[in-house]
Amino acid sequence: MIISVIGAGSCDKDIYRIAEEVGKLISQKGATLITGGLGGVMEAASKGAKEAGGITVGILPGFSNKEANKYVDIPITTGLSHARNIIVARSADAVIAISGGYGTLSEIAIALKLGKPVIGIETWENIEGVILAASPEEAVQKVFELMQT
Amino acid sequence: MIISVIGAGSCDKDIYRIAEEVGKLISQKGATLITGGLGGVMEAASKGAKEAGGITVGILPGFSNKEANKYVDIPITTGLSHARNIIVARSADAVIAISGGYGTLSEIAIALKLGKPVIGIETWENIEGVILAASPEEAVQKVFELMQT
Amino acid sequence: MIISVIGAGSCDKDIYRIAEEVGKLISQKGATLITGGLGGVMEAASKGAKEAGGITVGILPGFSNKEANKYVDIPITTGLSHARNIIVARSADAVIAISGGYGTLSEIAIALKLGKPVIGIETWENIEGVILAASPEEAVQKVFELMQT
Amino acid sequence: MIISVIGAGSCDKDIYRIAEEVGKLISQKGATLITGGLGGVMEAASKGAKEAGGITVGILPGFSNKEANKYVDIPITTGLSHARNIIVARSADAVIAISGGYGTLSEIAIALKLGKPVIGIETWENIEGVILAASPEEAVQKVFELMQT
């Protein structure tokens, strides 16, 4: 199982802690984590997943794998800028969105377009189809329930 | 000036008429129209623009220029599926969104991320940054005002 | 009919003159020209085509339409870096390669992979499938013959 | 270290055995293997790498991770068709090309364009910049030598 965590490239400590916990829980359930490989939510989720023993993949927008945060095991260097968002969404069995701005919104929209389950924590709230969760535990539990159906 | 019109690949007659009128007004103002090149809103806007004497470009998702609607003068065949949405947004000086679902939402989000003006007619309403317009005339007028600033 | 001209982003005067003549002949035959939109062969072909009254499209690799040479009528801004080469090849009914290095070779290979006719002038010579031409006239004549079959 | 193995999507037994051996040696040296994730050379290299205990990544062209061969640990589903070739080249520290047709040639060209070391076994021979190797052992040894310089 592959789960993508999407969200802002920079974030405050509370959101960082939420994303780190989400990453940890994903790893503990045995799933592989994909993120966009940069900072903020992407880094936090990768940190949580890696420290829990999981494999972390970063789908990078730029031209060098050096832009990956240090918790990415496998950097995929696309050179495609924002078009890499679509790969993040498409490669996942489900997507968890945490916080985030327009870039995250574009990934949410693509994931919904592709029919993937999308769980949101403190993210865009008015988007029909996004299932909101109040905590990392609830988000990860819901993701696994949805992937099993 | 290049204006992209984005929206649903199939639509009812009212939306078709709105998109056609938007395309016509864009052409009459001397701008080039870009769409995703398929049916519905994309076809209607291309029809309006072409019949008013403008040039129409279609950025196609698939593998053949035969998927372009018949009002596309210049088909660009990307083979990139949904990733072509990003080219539609990025190539434009401004974007007009008419109706539409998740695909349109992803284009709106990318356009806003890129700092482009986005005008919406009967489309996603809860997205901060989208400037709503009640008619084709208002939409096109607002687009040209925003591009001049 | 759409013909893509591919080749080096900078070139000497002889190659420039060849590419300009190729562009002119493409326009005079009524076809639309696509290039990668930058300098060298791309600029020369666009200049020839535009001055002969044709429409020129530039599929740009970067993030701004300002990188287009001044003979491009319709800049398509992809932000996809080298991946835009594939769009240049895929959108064309046939490809003419003039001079060029590894970037041009990648476009030749993709065009051949997609089954497009590829005519070469002073370009990679050892590639099976590339039809060599000794002059702009011969290149454009061969392209139109091949597209008609 | 990440090494991409590129080559034909279907191949005879001799090429399959070479690719499998290359994959095995890459894993034994501790590098991660990236391929295009499909059959032939891609499958063989993944098989060799996986059976030697390494991690295998497949950058898929299509819309579903089900198209990955069974030796791919981490399928990345791009939906980008041939444009995924560029990600395969760009993500690698070095590339080994085995046999292959025009698709492989496009990947060789992109890798050379990006300045990556390219080692070839029974592949396109006339391309300046490709370093030929006569055996899997020689290919993998040369790759590691080149990456260290």
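Per-chain numbering from 1; labels A, B, C and D assigned in written order.
The criterion applied here is as follows: contacts are C-beta pairs under 8 Å (C-beta built on N, C-alpha and C of every residue); 3 or more make two chains touch, one makes a residue touch a chain.
Bear in mind that the values here come from a model prediction, so they are computed numbers and not experimental data.
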Minimal step count in the chain contact network, chain C to chain D: 1
Chain pair with the higher count of C-beta pairs in contact (B-C, A-C): B-C
Chain centre separation (chain A, chain C; CA means) in Å: 40
Centre distance in Å when chain B and chain C are each reduced to the mean of their C-alpha atoms: 28
Residues of chain D whose C-beta touches two or more other chains: 63, 79-83, 86
Chain B-facing residues of chain D, complex: 63, 79-83
Interface residues, chain C side, partner chain B - complex: 2, 32, 34, 55, 57, 59, 63, 65, 74-80, 86-87, 90-91
List of chain D residues in touch with chain C within their complex: 80-83, 86, 101-103, 105-106, 109-110, 112-114, 126-127, 129
